[in-house]
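First, the structure itself, so that you have it in front of you.
Each chain gets a letter, A, B and C, in the order it is written, and its residues are counted from 1.
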Amino acid sequence: MPTTTASSLPLKAEDRKFERNSPPPTEDYREQLFELEAKGEIEIIRVPEPYIEVETKYGRKKKIPLEHTWHHKSCGQCGHIPGYSTAIFWLNRQFGFDYHDPRDQTSCTAWNYYASATSNPAAQAAVAVRNFAQAQIDGYFPVIHCGTSYGHYKEVRAELIYSAELRKQVRAVLARLGKKLVFPEEIVHYSEWVHVMRHEIKKRQTRDFSNLTITVHPACHYHKLVVEDAIYDKDLYNGQRTAIVSGLVKTIGSKLADYSTWHDCCGFGFRHILVSRDFSRSFATMRKIEVMIEEANPDLTLTHDTGCVTTLDQSQFAAKAHGKKVGIPVMSDAQYAALAMGAHPFKVCQLHWHNMEIRTILEKMGIDYDKAWSEFEHQVDRIKSGEIDYLSWEDADA
Amino acid sequence: MPDLPVMVIGGGPCGMEATRGISDLGYNVVLVDKAEFLGGNPIAGDYAALTPDMRNAEDAMNEMIEAITDNPLIEIRLNSSVVAAEGKAPDLSVTVKNGKGDEKIDVGSVIISTGFQHFDPGKETQIYGYYEYDDVITLVDVERMLKAGKFVRPSTGEKPKQVCFIQCVGSRDRQIGNQWCSKVCCGIATKEAIEIRDLVPDCKVFVFYIDMRMYGFWEDELYWKAQEEKQVNFIRGIVTEITLRGDGVVVKGEDTTMGRPMEIPMDVVILSIGMEPSKGSTEMAKLFDIPLESHGFIETIGGALNTVQTSAPGIFAAGASTGPADLEDSISMGGAAALKACAFIRKSQLQTA
Amino acid sequence: MSIYKDAKYMDVPFEEKQKLFDQVKGDMRWDHIFNGCYECGICVAACPSARFYDFSPRVFVQTLEREDIDTFYELMNDSVWDCSQCFSCTRCPRESNPGALITVMREVAVNNGLNSAKEALKAYSRIIYKIMSTGTQVAPDMLQPDAFPDWGPHVKEISDNLEYWRRALPPETLHTVELAWDVSVETRLELFMIWKLTGNLEMIENIDEGIFMILEEVMEELLEEHGYDLDDYENVIED
């Protein structure tokens, strides 16, 4: 901690430089996993090369694999905002990375668990491990698309580490499926991949986003639920907030705007978004969107999780109908990065699945909305006429 | 057996009192400090007034310094660090390093009074933004301003209208790994609150706390005084976030007495940072092969009946090197350690005689 | 005997309440999610649900710490379903985890078929069916205007164009309408076996018999088609 100044005034915040001078307050889960592996209790999937190492909350290093990734998809992304997942795959393809989009993956089922509690720790751990075991069989390293899957798997990891009984149960269940108890060395979120790739993304940037003001919502299950896996960067917020998404925005060159409720939840609520939506709507608009508009007036808000994109985007419609001052387009960091690299807003980023009006933001990005939409419609017409069955990656980029 | 000196490591209030005590008892003493001045944290941190008696801190420290200056029994070595120790008390050889090089000094006993260090708010797991916002400062920053006789909002240099203290920053916190109460922060914050109210009478002052630890006479002399005479607002409930709104910061917490959420704009937020074992204390423990107790301070083995005894005969530890301590604790322990160290040397001499 | 003059549910036998409390305290996670509480209010200040409901994570932890069985039972029946499960409350300086304690309390409420659980899950059962049978929580065909009237006309636009818009997605796994992505049948069956092997279906039977029957019927037919012997997949998790 800084000590003295020439005057009696405290140092300016920009001159205070935080250096962590004590060891992390938590035990290292990797060491614990490797210990269990050495005892023959569990098999650990290693992060494949090439990877990039980044610093996490307490200063430990985390390996983020660039390719050979097994894409653990998200229910809400694939189901309701499919441009989210498509953009992640598109980015991987642009870099020519080897990735796998599995059909032998299930949901982590944690949305249901946090919503209804109709499950138990053994079942939840077995679902996680079945997916990981499948990734190992397929020969890839799991990368998690959903923030809640990421959060839940971190919880499962902790439970498997401290409970021998749970390990025994999960082994018994998995054995009946002909699978083993395996776990990855790191739980990696796709937004961490985007974060470590941000400089490469910048190199391939074809659209200028410097005229955009952007607010960021970090996902609760990313940086609050088991905090220590989240990425922090000394050069961003002086290492005091997670660097995720914000780091991308700064690298791409948009204006990163602060707002006083950045740390609040989005209001998703798991069960609330499905069956008590008045809560989600009120919270998302009153605590997030309206505050962002009043304090930062952003062109766009970015987040990195399924529930947050859904809640922040969809909740604004009703508020708007009630004459509230809302109307910020919402998308994921992956869609924003893809757009920066020239991705098609509808064929790739599939922004027509989003709720808020996007014509203004697309035009600010230098995209001809009408032209882009007619290009998408043309592809839909080709599908309707039977000329093609599906939109191919080639046609998406044509 | 020659008349070997006691070495006192650390020249803060505790070490100075130990030094004075040893010389008063007629023994030789070498006082070593790595800083270029005596006085420890009160001087390094530019403390304004001491808690609880509001005495000018510099005057008080100068009085202690004077009491150990120009005394033939006392040798003071500043800008010096203890880097090695060989042998066992009373036949110890301690290596002291300064700008000129290493020097071995034979000593009969050692008192470690290396004190504490202030908690670094960058390690806080609440969202306090000390490294993000000019107007979020610490108890120590306030001392420096009070000493200069002006209390202003750092970002503008203007007089603040609304100020708060947040208690237990870096203390009583399992997430951070600091499970102790730092003892002094409640008293110091309340003292500073009174001083701010005196300096800037139209500034509203809040103290957000979990429990006000105002033991003994601090209760009416500080706490009641602040509340009854100075209209300081004591609110039970800790702030969890400090975020930026416009030009200023907003603090968020729950008023647990009223059971209502709070969101209050503040001109200045003061983090009541607690004590941690100082780097010097952990280094000395290692060097003299003394275990640390479970919180990371130097372990004493005598419990409540002997507060300065370590597991190594003839090596004593006192003050905040052994755990959170206020000034009264530190001075008392310094005196106790002086007595034990001299007694240790005397007993050794009697045995060999 | 409750310490409160205005305590509710005093007609419910104390032993019944104690049984539920013991189940919560007996959960394998208890020691890791429960420590004390010194009423700092940090969890409440961070909590989204506390801003809109008569709900306080602090009250949950205090009640559990005091082992106040009567108030615990009130919470089990009233506000346990208000939590957002965002885990903003994990900032507790004592490292208590109110959100996780609530997960456990909900699980106990479900396992015991409490009315509060049945009530909370009434409108939700179709989702349980979806996740347990398909392996994906939500699906494109759930975007129907009558299900999401507050999301505006774009939901209708999506549902009108659903089939073609799904086919206009480049990733091959996303051409589905009833599932979020194309989960292979083999994988769906493995998931269903996990539910059976971990006793989850028995729990569903307790809470919603209708959903349980449909699940059994649909999935068991699928299992038999694929040559599985159902008797091989009984609960392997001992209580």
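Here are a few things to note about the model shown:
We adopt the following convention: contacts are C-beta pairs under 8 Å (C-beta built on N, C-alpha and C of every residue); 3 or more make two chains touch, one makes a residue touch a chain.
What you see is a predicted model; the values in this text were computed from it and never measured.
Looking at A-B and A-C side by side, the one with more C-beta contacts is A-C. In this assembly, B is the chain whose CA centroid lies farthest from the centroid of subunit C. Separating the centre of subunit B from that of subunit C, both taken as means of CA atoms, is a distance of 49 Å. With centres set at the average Cα position, the gap from subunit A to subunit B is 44 Å.
Centre-to-centre separation between subunit A and subunit C, using Cα means, comes to 23 Å.
Annotation for subunit A: residues touching 2 or more other chains are 227, 263.
In subunit C, the residues touching two or more other chains are 46, 51, 91. Taken residue by residue, subunit B touches two or more other chains at 125, 175-176, 241, whereas all remaining positions touch fewer. Remark: subunit B residues 125-126, 168, 172-176, 210-211, 236-241, 252-256, 259, 261-262 touch subunit C in the complex. Partner subunit A is touched in their complex by these residues of subunit B: 44-46, 118, 120-123, 125, 127, 129-134, 136-138, 141, 144-145, 147-148, 150, 152, 154, 157, 175-177, 241, 243-246, 250, 276, 279. Only residues 35, 38-42, 44-46, 50-51, 56, 58, 91-95 of subunit C touch subunit B when the two sit together in their complex. On subunit C, the positions that touch subunit A within their shared complex are 28-29, 32, 46, 48-49, 51-53, 81, 84-88, 90-91, 100, 103, 106-107, 109-110, 117, 120-121, 123-124, 127-128, 131, 135-140, 142-143, 148, 150-152, 154, 157-158, 161, 164-175, 180-184, 186-188, 190-191, 193-195, 197-200, 203-204, 207, 232-233, 236-237. Within the complex formed with subunit C, the residues of subunit A that make contact are 73-80, 82, 85-86, 89-90, 101-107, 109, 111-123, 126-127, 130, 134, 151, 155, 158-159, 162-163, 165-166, 169, 172-173, 176-177, 220-221, 224-227, 263-265, 267-272, 274-275, 277, 279, 281-283, 287, 314, 317-318, 321, 347-348, 350, 352-353, 355, 376, 379-380, 383-384, 389-393, 395-396.
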